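All chains are identified by letter, namely A, B, C and D, in their written order; residue positions are counted from 1 within each chain.
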Amino acid sequence: MNKTLILIQCKDEVGLVALISKVLADHKLNITAMREFVDEAVNHFFARIECSGSESEEGKLYNALNKGLPYGAEVIINPNPEKRIVVLVTKEYHCLADTLVRNSFNTLEAKVCCVAGNYEVLKPFTERFDIPFHYVSHENKSKHDFEKELLDIIATYKPDYIILSKFMRILSPEFVAQFPGKIINIHHSFLPAFIGASPYRQAFERGVKLIGATAHFVTSDLDDGPIIVQRIIPVNHTFGVSEMVKAGKEIEKAVLSRAMQLVFEDRVFITGNKTIIFE
Amino acid sequence: MNKTLILIQCKDEVGLVALISKVLADHKLNITAMREFVDEAVNHFFARIECSGSESEEGKLYNALNKGLPYGAEVIINPNPEKRIVVLVTKEYHCLADTLVRNSFNTLEAKVCCVAGNYEVLKPFTERFDIPFHYVSHENKSKHDFEKELLDIIATYKPDYIILSKFMRILSPEFVAQFPGKIINIHHSFLPAFIGASPYRQAFERGVKLIGATAHFVTSDLDDGPIIVQRIIPVNHTFGVSEMVKAGKEIEKAVLSRAMQLVFEDRVFITGNKTIIFE
Amino acid sequence: MNKTLILIQCKDEVGLVALISKVLADHKLNITAMREFVDEAVNHFFARIECSGSESEEGKLYNALNKGLPYGAEVIINPNPEKRIVVLVTKEYHCLADTLVRNSFNTLEAKVCCVAGNYEVLKPFTERFDIPFHYVSHENKSKHDFEKELLDIIATYKPDYIILSKFMRILSPEFVAQFPGKIINIHHSFLPAFIGASPYRQAFERGVKLIGATAHFVTSDLDDGPIIVQRIIPVNHTFGVSEMVKAGKEIEKAVLSRAMQLVFEDRVFITGNKTIIFE
Amino acid sequence: MNKTLILIQCKDEVGLVALISKVLADHKLNITAMREFVDEAVNHFFARIECSGSESEEGKLYNALNKGLPYGAEVIINPNPEKRIVVLVTKEYHCLADTLVRNSFNTLEAKVCCVAGNYEVLKPFTERFDIPFHYVSHENKSKHDFEKELLDIIATYKPDYIILSKFMRILSPEFVAQFPGKIINIHHSFLPAFIGASPYRQAFERGVKLIGATAHFVTSDLDDGPIIVQRIIPVNHTFGVSEMVKAGKEIEKAVLSRAMQLVFEDRVFITGNKTIIFE
């Protein structure tokens, strides 16, 4: 049976669920799963609705919803089910490999268009999967020039999302501003602990009993964007920095993978500096 | 502002959400949180709806919902927010203590009417909290007579739920049948592993690397009722049976406590031998 | 059979395990469990050894070990198995209740001497357990005078450890200096995230997907002492501050309880600003 | 600096640690990490000892240890640090891919000699990594003949371990008997729950709130060999069988990967039907 996925966000008002469900019923769509949330801090309504049945004319449904909903509502009907992504890397393979494997077996719910790296070490591995690898060194050039090269490559592929898969360069606010809510990073700590460089060394020095990883959207504030997924694993006094790094890789890839899945299934809304996730 | 809580279960049909939300809007109730689920195996619809605003005449709302919903629907409006419970115990204190402490500080979302035990060891502890303790020995009497005594005590208190808080007697199907979906047990394994007696000894013999606890509704099939909450903790080869028992107590009380909270907040529906939980 | 527990810390040298095990064998002690660790950053050796058999003359064993070990070694044979503790509280009951319940059933591996609070609200509850409660208000007096009153009470009981069981006053460096490595605090975040006041509010504002609790020894640097135990629980966008507080309480008490158990079983060594834990 | 790893198992006796540490000191080996355990049920002693310094003549050290230890002791000095493995698969890629990626980056602590499968679907993927793939169909032949073909291939590679990486054929006791303690399987449930076929369907039918995965050594009793690693993930009423399968894959690969790491680092001893793991 056909399915329709509808994403809505708008100013909150009394009766929105009744209004939306009436419009859907009028269009012969049966709600099979509906999740909604009001962010009371900003009085904003978010909903993700799965329906069985499909409207032959999506435009009519779109217009009916927009007509009823408060001014400024954003309605998306049947977003692209297979997102296009560009993956940026530096030297570490573990997150990239996980993504390429899933891509190769069509379980990523996205399509990897290319990989670009500021080092060349992951080129042979990437090419095993018949994915193009673009080497863009950051050396001997300004950040602006480095990013310009990256942007030119990215522009070629018109991706829906950019994945920073252990990409160890800080992107400029100008770069980030071109992809609002579209860049996902994996940070190797349970933010906001250990912001910045060498979080595992910081964790070791502090003597923590758990280390973590955080997948988040990138904003112009370093390590401060909306968090999508966080997980931790226990460590103890026998862990040196290198053991923490090694153990951390296992959750980094799991966390990034889960975050991508949630985003690519259109389960994640951004509200201010937070996420709403309809798992 | 007033709040209204509505629980609905009925045969599934197209348009139920639209129908329900229209009835609520007609009664000036604004949906603030709505969770619904269709158990497709039995084509049954379940919903838990929180509204702001309150219908002055609950009876009118009840009738309007029932009129619109499929034949046989069960609608509950504003269930009793403070459940009455009777706690059955044997000798172990850890789950009981957790319950009595919460009861004492009004964070149980229920009221402990009394504790009854087939041993007397927990009487002094219970009475520290000014809760009546009824000692009903199972010795030298038939199961029928033992249960009759318990039932007489329970009848006095008219509880909404009976909590088996490490109560180590198996209740007869006749007893259980009097409280369908109203008896909650804590079992000291991650069911269905280690059904029956001495699960920690079974776990030790098997050499498992994790042990668990399960809170479930009691049915006439031993350890086979609908599961509400399960959790585990890691163990290793240094754990003997007694270390497993000790470690297990920590999750037993957490699991039972969480299960009670979910049930007392009316977040749990039973469908066949499973639960639907709107957390 | 008799058991002997031996704790050793000293400068690391080649052959320490051989030396120690020879001394024990000479005294007819059989090692049943031995854990050792060298903190390479400071070249210091730590060991916890359980033996079967018992030396009739502990003094002889002590001397033999000290004679063989490097200068400055600290050797403890059969530390007091039931620590004496004083519990400081403010208004929250959950950690205190857990401690008092265990104390009441002799499963705390310590003895609660008294509870002292800067508010009186937990007095009736404490007294249910026949434990003395000392009310020491912090109002209208200097920190010095407040702490002087506390110190006088503490001095009466000669405790091995002081437990800050949601005690919401910051202790002065002078106070802390009197009990080095002897004060255990429960902090309601996964340190070092959210140091300072209102960590749950900070967590809410940041939009984290997990919240945590940390038990640590108290030093003169706020929230910066050696960490003993940390745990987290997942949260999501539906959690307001109060839901985080409520969920957090469940791990706070579990974390503090576990930390106390480890310390009271003499499994925890302090090295610099970290702990070594022989679980 | 050179390192020496020593594995010992023997009948337990008084003074073993003293004896062993004296022998090591005599050979100028300094113990940097030592873990030992006595399985009291069978009175057997197990130890894993890391030393700095290396004995030029391993044979002399071996003889000295054997001379001192009880009759029948098994001593292994510096086991092969890079195990050779053969991976058996059927159709599912997730565990295999994880293994091949690690192998490709030399972080497996083993070397994948070949992959053999009873279906051909994973051949192209395996060959991307330049690893030979042997297709051995089980169709239209007896189990004996099928296993004979596999055995011939395995014999070619002389592996230290055989990894059943979602290999969906039950091996005969005769096959298993040729590799005692050398076959590792990943089972898709938290054993002993849901032994046998379709554990996720069984889990779905039972309505559990957590699903798990178990890595274990294979014995002639189906799903009953010594458990190495177990982990679980939470599920809820919205999970159908296919969602459980999908979520389960994530822990299956993590569990198998962790089990392999522990075994390949020589941290796992087998005692009866259990494992001792010196993590």
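One rule holds in what follows: a contact is a pair of C-beta atoms (placed from the backbone, for glycine too) under 8 Å apart; a residue touches a chain by one contact, two chains touch by 3 or more.
Model, not experiment: these values are computed from the prediction.
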| item | value |
| --- | --- |
| Copies chain B and chain C touch via same or different residues, half shared test | same |
| Selected interface, B-D versus C-D, where C-beta contact pairs are more numerous | B-D |
| Chain C and chain D, separation of their C-alpha mean positions in angstrom | 38 |
| Averaged-CA centre spacing for the pair chain D and chain B, given as whole angstrom | 41 |
| Chain C, residues touching no fewer than two other chains | none |
| Residues on chain D engaged by chain C in the complex (per definition of touch) | 14-18, 21-22, 24-25, 30-34, 36, 38 |
| Residue ranges of chain B touching chain D (in the complex, touch as defined) | 37, 39, 190-194, 206-210, 212, 226-232, 236-238, 271, 273-277, 279 |
| Chain A - residues contacting chain D, complex | 93-94, 97-98, 101, 104-105, 125, 128-129, 250, 254, 257 |
